[in-house]
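Next come two complexes, and both contain subunit A; in the first it sits with subunit B, in the second with subunit C.
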Partner chain A sequence: MRNLSIFVLGGAALLALPHGLSFSQQEILVFLTLNILLVSSYRLLTLTGEWSLAHVVIMGVGAYASALYTKELGIWVPVSILLGGATAALLAVFLSFPLFRMKGFYFLIGSFAAGEIIRLLWKRFRDPFGGAKGIKGIDPMPDFSIGIYDFDFFEPVSYYYLSVAVVAVCLWILWRIERSPVGLTFHAVHWQDRLAEASGVNLRAYRTLAFSIASGFAGISGALMAHYVGTINPTSFDVDLMVFVLTWAIVGGTATFYGPILGCVVLTVLNEIVLREMGFEQLRPLIYGLIMILSILFLPKGLESLVQKLASKRPGKGTPERSPAE
Partner chain B sequence: MLDLLAQTGLNAVYAASYISLIAVGLVLIFGVMGVINFAHGELYMAGAYTVVLLYTDLAVPFFVAVAAGLIFVGCLGLAMERALFRPLRDNPLGGLVASIGFLMILQALAVMGFGVRMEHIPPVTQSVIEFSDRVRMPVARLYVIVAAVVLLTALWVFLKKTRFGWALRAAAQDPEAAALQGISINQTARIAMFIGAGLAGIAGALTAPLVSVNPHMGHSVIVTAFIVIIVGGVGSLEGAVVASVAYAIVHTFVTTFYDGVIADIVGLSLMLLVLIIKPTGLFGSADRA
Partner chain C sequence: MTQFLEVDNLIMRFGGLTAVDGLSFKVDHGEIHGLIGPNGAGKTTTFNMISGFYKPSGGQVRLRGETISGLRMHEVARRGVVRTFQHSTLFAEMTVMENALVGTHMPFRPNIFAAVIGWDRDDREGARARAREALEFFGLDHLRDELAGELSHGHQRALGMAVAYASHPDVMLLDEPFTGMNPEETRRMMDLMRRLREDGITILIVEHDMQAIMGLCDAITCMSFGKFLAEGNPAEIRNHPAVIEAYLGGARHVA
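Up next is the complex of A and B:
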């Protein structure tokens, strides 16, 4: 009963959220929603202990694929978004052959190289990727009406509702995957790789699985972005955004499911809304950098550790979320 | 054709010089402190802006400005070591995030101090050495080459022949064993950071009149430096130099005969290839990962 009421209240809050905001803040909200999916899918990969620098480019693969499917093949947008995710997942399977010969730091750098190569290919080949200018005039989501609400996808509020629905479903799937035996094996691959291997777990296969699932959801997030913005180009998916994803995950903490989401929400709100409203336009990167440094120095286990501390101080509220790894 | 080859070769030598200055610093920092300094490109940028401030705006002689760039950026490195990397020594991802944060701060400071647009720096010298009609080497580029050769030789002597150098290499090989031998890890970290950052600073200072100086100039440099240190083998100074030369040759020739984007793709593909075939790089050892 309590769970249900939390669910209803949370849902109502999410529905009401965009109405108190300005137009530009509503747009930021759409991106925030998509970025939550991006960073949560990233966490699935980090469960196996690997940190990739290609995640944003793979998100771009989903975006480019979906944009091209609608443009060149005339596929219906909602289907092509899913196909974009599938393409990203498939590409990840291919990339895993060279990349998972490496581990740790080498994987980090190797994935960066692979991502940059993909990005430079978009930049170099005008047909079909449109070169440095990218793809313009991507088909928007077709408008539709559900009786009580007309979805007009040029409105950020409508697109926000759509993204919240899609992202919620994706997050639920990611959550189920993490809680499933497969997800537990991901943890084992990270923390007990020798033991897992000795127990007959195919480490490489599970790394590839995590990489492709994470990439698939990143692709969906990218495809959703492409059909909202209407224009994508190689710089939309450059290393700057990757750095943000990395810091959301690290500042939030990756031990829990909500850690990266928390990092993403807190840092985005701080950066895009608080600092902008305070008129620190030029100082924004400086303050953002300071916040990153301070949080890594003083909260090395991420914002999630703060939540856990607060939760454990209040008795009777139940034990805080723990990952099986701890 | 021969002219073109000779000219491209000279361009490659110049590129190899400043790339190796930057990459060797990055390798030194990684070797001794075990942290990937993402802000290394911005240290290079800081060196270039030192020259903008002193030489262009305050009319200080160029070489004084370059020396100031070396010292100023070296001190930035010391500050990073003390404030960021030392507290985060046991947290490699933490060092990464902190250096990204520092990078954003340096970029923002450059934007605030100098604006986003490209700086115009009056040429230090107009003289050009002409080998033939179409093969020429601007003297300003020669400065970079000479500086790279001198500084890297000096570093090599320092590392191989002096007690500090031994301590540094010992700390890079095995910090714990080195500490047990009475080598101060903080001291070696300071030296490595000062030298590493200083090399990036002097590379930026010397190339400032030759490249477009802007707050985001560090980005392409850091990508190149990463490629080079991976190909050379993470933690190997000799490898970094050899890989810088190889990369510069490949990149310059592909740029000349195809275009810059293809050259970037070729460079990254080579790096990926090296990672696949020999993940520790051409000169790397297996232990440090």
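Up next is the complex of A and C:
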């Protein structure tokens, strides 16, 4: 009963949220929703202990794939978004063959190289990727009506509702995976790969599984972005955004499911809304960096540790939600 | 009849050093077999080759006639040969129960699609039951929710064995299971190992605690400097001149 009321209240809040915001803030809200999926999918990969620098490029693979499927093959947009995710996941399976010969730091560098190769391929081949200018005029989501609400996908509010629905389903799947025996095995691979292997766990298979699931959801997030913005190019998926993903994950903390989401929301609101409102237009990156350094110095376990502290102080609330391997 | 577990002319070279040099021995089904030798004799290297952690430079390991040497560690494990590690190699950041659940990976293989939809309830319950069973067997059931890294040393060793036991192994390779245990814990662990043998689990054990080895094993293989030295039951090994020489450094010097 309590869970249900929280669910209904949360849903209502998400529905009401865009109406109090300006047009540009509504646009930011759409990107924030997509970035939440991006950073949550990234966390699934970090469960196995590997940190990739190719995640944003793989998101771009989903975006390019979905854009090309609609443009060249005339596939219906909602289907092509899913196919974009599937393409990203499939590419991750292929990339895993060279990449998972490495671990840790070497994997990090290897994934960066792989990502840059993909980006350079987009730049080099004007057909079909459009070269440095990328792809323009990507078909938008077709408008539709559900009786009480008309979806007009040039409106950020409509696209926000669509993204919230898709992202909610994706997050639910990610959550189910993490809480399942598969998720436990990911943790096992992270903490003691030798003992996991001695228990019969195929390390390569599980690392590949995590990598391809994470890539698939990143691809969906990228595809959603492509059909919203309408234009993509290789610089939309460069290392800048990857650094943002890393900071969201690190500042939020990766020990819990909500940590990276928290990091993404707090930092985006801080950067895009608070600092803009305060008039720090030019100084924003500087202050943003300062806040990041301070949070790492004083909250080394991330924002999630603050939440856990607050939750455990309140008696009767019970222990906070914990992931299998905290 | 094919031998249950057979090590045949096993060789391991690290660069110029030959750590194991043509070692052969046989393990019968349902026995506790000890592998002993002075420090640096190559016991753990042999273990690592049997369990698939190292690929031998030469020779073979056969299980029921099938060659298992050169397979990867999880492939060896899936054929029923499960090992424990020296020291306390555990998932220290996970709870005791979660450690045991990882051990049930083989009998209850996770399926990601079933897990998302929720069709794996039976498997999850089965895995939990098996994990509980393994923890109860090693007397760890009351510590289920503790973090593995916070257990006492003796409990950590027992948990390492519980993780291996949870997977329904045919053969358990135990690498120095008594290290860091007090005599009382050692005695209890020996009883548990005898019970494992009664369950039909074959145990191959590397250990320095001679009292435990002599009291526990049905057969003992002794190696020295990577080579086979002697084999027999505990009484034979205890009085074997070559073994005494290897451990005490030669009767000539003593005399």
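Just so we're on the same page, the second predicted complex is superposed on the first by the 326 of 326 C-alpha atoms of A that agree within 3 Å, B and C clash if a C-alpha of one lies under 4 Å from a C-alpha of the other, contacts with A are read in each partner's own complex, and residues count from 1 in each chain.
The definition used in the following text is that a residue touches a chain if its C-beta (ideal position, glycine included) is under 8 Å from a C-beta of that chain, and two chains touch if they have at least 3 such contacts.
Because the structure is a prediction, the values reported are computed rather than measured.
Asks: Figure out whether A:Pro128 sits in contact with subunit B (first) or subunit C (second), or with both, or with neither.
Replies: Neither partner.
Asks: Touch check for A:Pro142: first (subunit B), second (subunit C), both, or neither?
Replies: Touch partners of A:Pro142: none, neither subunit B nor subunit C.
Asks: Once the shared chain is lined up, is A:Met102 touching subunit B (first), subunit C (second), both, or neither of them?
Replies: A:Met102 contacts subunit B only, not subunit C.
Asks: Per the contact definition in the header, classify A:Ile293: touching subunit B only (first), subunit C only (second), both, or neither.
Replies: Touch status of A:Ile293: first partner only.
Asks: Subunit A residues in contact: does subunit B have more, or subunit C?
Replies: B
Asks: Once chain A of both complexes is superposed, is A:Val251 in touch with subunit B (first), subunit C (second), both, or neither?
Replies: first
Asks: So in the superposed three-chain picture, is A:Glu116 touching just subunit B, just subunit C, both, or none of them (first/second/both/neither)?
Replies: In the superposition, A:Glu116 contacts subunit B only.
Asks: Once the shared chain is lined up, is A:Ser199 touching subunit B (first), subunit C (second), both, or neither of them?
Replies: Only subunit C is touched by A:Ser199; subunit B is not.
Asks: Contact-wise, after the overlay, does A:Pro181 reach subunit B, subunit C, both or neither (first, second, both, neither)?
Replies: second
Asks: Going by the contact definition given at the top, which residues of subunit A touch subunit B in one complex and subunit C in the other?
Replies: In the superposed arrangement, which is not itself an observed complex, subunit A uses no residue for both subunit B and subunit C.
Asks: Hey, which residues of subunit C end up touching subunit A in the complex?
Replies: 51, 53, 72-74, 77-78, 82-85, 89-94, 98, 101-103, 105-106, 108, 110-112, 115-116, 118, 120, 123-124, 127, 163-164, 167
Asks: Spell out the part of subunit A that touches subunit B in their complex, as residue ranges.
Replies: Listed in rising order, the residues are 51, 98, 101-106, 109-110, 112-114, 116-117, 120-121, 123-124, 239, 243, 246-247, 250-251, 282-286, 288-293, 296-297, 300.
Asks: Note which residues of subunit A are touching subunit C in the complex, please.
Replies: Residue list for subunit A touching subunit C: 173, 176-177, 180-182, 184-185, 187-188, 191-192, 194-203, 209, 213, 324-326.
Asks: Within the complex, which stretch of subunit B touches subunit A?
Replies: 36, 84, 87-88, 91-94, 96-98, 100-105, 107-109, 111-112, 219, 223, 226-227, 230, 234, 261-262, 264-265, 268-269, 271-272, 275-276, 279, 289
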